[in-house]
Amino acid sequence: MTLGQAVDELVTANRILAREGVVDSFGHVSIRHPDRPDRYLLSRARAPECIEADDVMEFTGDGAPVDAAGRKPYSERFIHGAVYDVRPDVQSVVHHHSPSVIPFSVTGARLSPVMHMCAGIGARIPTWDSRASFGDTNLLVTNLAMAKELAAALGERPVVLMRGHGCVVAGASLREVVFNSIYLQLNADLQMKAHALGDITFLSAGEIAAVLSTRGSFTFERAWESWCRRAGRPYHARP
Amino acid sequence: MTLGQAVDELVTANRILAREGVVDSFGHVSIRHPDRPDRYLLSRARAPECIEADDVMEFTGDGAPVDAAGRKPYSERFIHGAVYDVRPDVQSVVHHHSPSVIPFSVTGARLSPVMHMCAGIGARIPTWDSRASFGDTNLLVTNLAMAKELAAALGERPVVLMRGHGCVVAGASLREVVFNSIYLQLNADLQMKAHALGDITFLSAGEIAAVLSTRGSFTFERAWESWCRRAGRPYHARP
Amino acid sequence: MTLGQAVDELVTANRILAREGVVDSFGHVSIRHPDRPDRYLLSRARAPECIEADDVMEFTGDGAPVDAAGRKPYSERFIHGAVYDVRPDVQSVVHHHSPSVIPFSVTGARLSPVMHMCAGIGARIPTWDSRASFGDTNLLVTNLAMAKELAAALGERPVVLMRGHGCVVAGASLREVVFNSIYLQLNADLQMKAHALGDITFLSAGEIAAVLSTRGSFTFERAWESWCRRAGRPYHARP
Amino acid sequence: MTLGQAVDELVTANRILAREGVVDSFGHVSIRHPDRPDRYLLSRARAPECIEADDVMEFTGDGAPVDAAGRKPYSERFIHGAVYDVRPDVQSVVHHHSPSVIPFSVTGARLSPVMHMCAGIGARIPTWDSRASFGDTNLLVTNLAMAKELAAALGERPVVLMRGHGCVVAGASLREVVFNSIYLQLNADLQMKAHALGDITFLSAGEIAAVLSTRGSFTFERAWESWCRRAGRPYHARP
């Protein structure tokens, strides 16, 4: 994939996340730079629904813009670099505030897969509370110290919740993190509905492992084509 | 109905199920082959919202493509053949993951008609759990052995739930299974709302029987015209 | 208003109720015939979203089409005639299955105004259960006997619920019944949300009376203009 | 900003609030007159979704139209003048009936920020009940006496709820009150979801203060661009 194609896919990912209600005017998605693995690509500070290719900036791992050209970066870009730094397997990161996910972050209710499509969110999702180490802040992860602690809370998992704020989703490809972001939201919705009906049977650890070991890119691809159509973006197969 | 018309109706059914939120990028609908009752028609592996006539493939009862022509089939196509095999009355099958239905599959809460339009889902809906016989799997019904057990759980009923996965809806026509899929979703929504308000009066067995014995194709037809319009598909009356 | 204008408004009412989610492919709205008060105007059996002026038929009070011209009437048209017969003040009737309203019909939970815009639904809404007098039926009101009992349950009120089925809304004008249908749905939604939070303070009888005594056609008019726009219909002021 | 630009922004605000579901056919938003701080600008009585520049009227603080030119004002315009009168810091006021907010007004459940984006609604939101001083009314604030009491209940806060009616949101700019109106609605949604899951951790007083002290116009600006796009309105940066 060329850099231009990568940027184009990143724009599409922003539009998809907006269309599917995972992000509103806030939240962001990045990819590791295809040629410079110590850098990442991320839009300037703009609502995901409005982002164009020219908005995409290049950042070094500590969040410095390589060539800002007058563009204002997201104040929370540090999240992305901190995750790429400690997770060489990660090629893409989403930070979002899905309204289905936040209730779990402020209640401590367990969020865990109830459906096979949602297995990629992991069996147990931790919640990071910025107040524990940093006290009363505006909750934004606006420096590397906070971002590193958040990345540590994520650990080797695909998802970490942020109390009163949102979550981070990290994975091996842009399509995977978009997929897991959307199905994280769905799993949260399903759990809230099921919770009102009675005790929930979650997927077993063995089932989660079986889904992950048998899932290939064709699953992400099928969803991606459909989400592109809904978001009004051209679809380019990446089989 | 010619084979071409049948294929066209199948495309419409996919678009309707996507438009009404019954399927997302996954789930599928088939019809028994109009001329070869031991075969069925089903799209290649693609999101229902994107399906075109050229995507529709022909399969033998055991899930083998008659002429794949490079098209990749759904891994869960076996569900369809297994149901057609044991249910000669069935002309169409939907497998879907409606987010309203799944909570019932993971809680054991009773799902039963609360409204006359929903009587076609049957008085009691069983839940099949793949783990009981097959242990920890990815929950996908990717072979005939699983599909036959699922079809046996369906029995003579119109609907069976699949724990942590979704459901199967089987019926005498494409319009009937689409209708029952959409009203299964509505009934699940209605029950979740009613459950929070107090004890529910379900339809009686006699009422369900009365609805089924008096319902004609004009009911399906009226809804089909409206769903075609919403899905941006031409409507062809089949009175 | 000419007969043509009345028919045009009736088409608009159907489209509005569909757009606002009060009706799906089923449910219907009628007006008393402007020149023949013993007759009423109602579409042929068609989904509200699809109705055109040519679909509107004229019926006598007992549900006989004056000139069917090959058009199939709704099987439940008797509801309309029965209400017009005993309620000379009523100029328009809606029968609908709003998914927010049905949960109240199957649980016996009280449905009563919690907000000033919803006062028009009346302080206490009765529920009619077809099974009490007619036993196990398909729940459809397909004859005058059932319709008369339903109209008696409505009495002098604006709304009656039908157990496991839907409701009837009757009022002094087409705009009023559409308004009260939409705000009945909203009130049901509000009550379900509030019920989960704690004990509800309903409007007092005095407040309901005050809303009704001060509400003029300008209230219906303001909403009607907006709903016409959303439904893609031209707006004609009727001050 | 010229008067024409201010009017244009006010039209946009109306469309945004309608598009985001904060207002339906009712509710209104005003701005203090840019050149005459004792006056305010507010549309004639019309649904927010339909408002054009020519609908915007000028009012004196006591609610008298400066030049009605045949336009009928909102009966509740007094709310706006009463707030501007006692709150020199306030440049814009919204009165709305968000269906997420009303349940809190009729149950007394605490409404308080659970997420950083919602901190602007204030730590504690009072509820004003018109019945306490004015008895059984139609709940509308149609005179200065009621409006002054409501403004007193608001005090120095950004939001006050109105029992069985809606709320008032006041702030230092049009973009701020639109932002806080939309995030008030989101916070109410989040709280209702979280309430069903368990005990809620609200933002601390220190966190709310930290959000407010660090939030700049770029936050409102980012959301405004996105909301303009969704509402089909041109976006004009006001950095």
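Annotations
Labels for the chains are A, B, C and D, by order of writing; each one numbers its residues from 1.
To be clear about the criterion, a residue touches a chain if its C-beta (ideal position, glycine included) is under 8 Å from a C-beta of that chain, and two chains touch if they have at least 3 such contacts.
Worth saying up front: this structure is predicted, and the values here are computed from it rather than measured.
Look at the contact of subunit A with subunit D and you find different residues on each copy: under half of the numbers used there are shared.
When you average the Cα atoms of each chain and compare centres, the chain farthest from subunit C turns out to be A. Rotation relating subunit B to subunit C, from a C-alpha superposition: 90°, rounded in steps of 5.
As a whole-number value, the distance joining the C-alpha centres of subunit A and subunit D reads 32 Å. A separation of 46 Å divides the Cα centre of subunit A from that of subunit C. In subunit D, the positions touching at least two other chains are 196. Taken as a contact graph, with one node per protein chain and an edge wherever two chains touch, the assembly forms a single closed ring in which every chain touches exactly two others. Checking each pair of chains for touch leaves A-B, A-D, B-C, C-D. Contacts from subunit B toward subunit C in the complex involve residues 113-117, 119, 186, 189-190, 193-194, 196-207, 209-211, 213-215, 218, 222-223, 225-227, 229-230. Partner subunit A is touched in their complex by these residues of subunit B: 18, 24-26, 45-47, 49-50, 72, 97, 99-100, 102-104, 106-109, 131, 135-140, 163-166, 192, 195-196.
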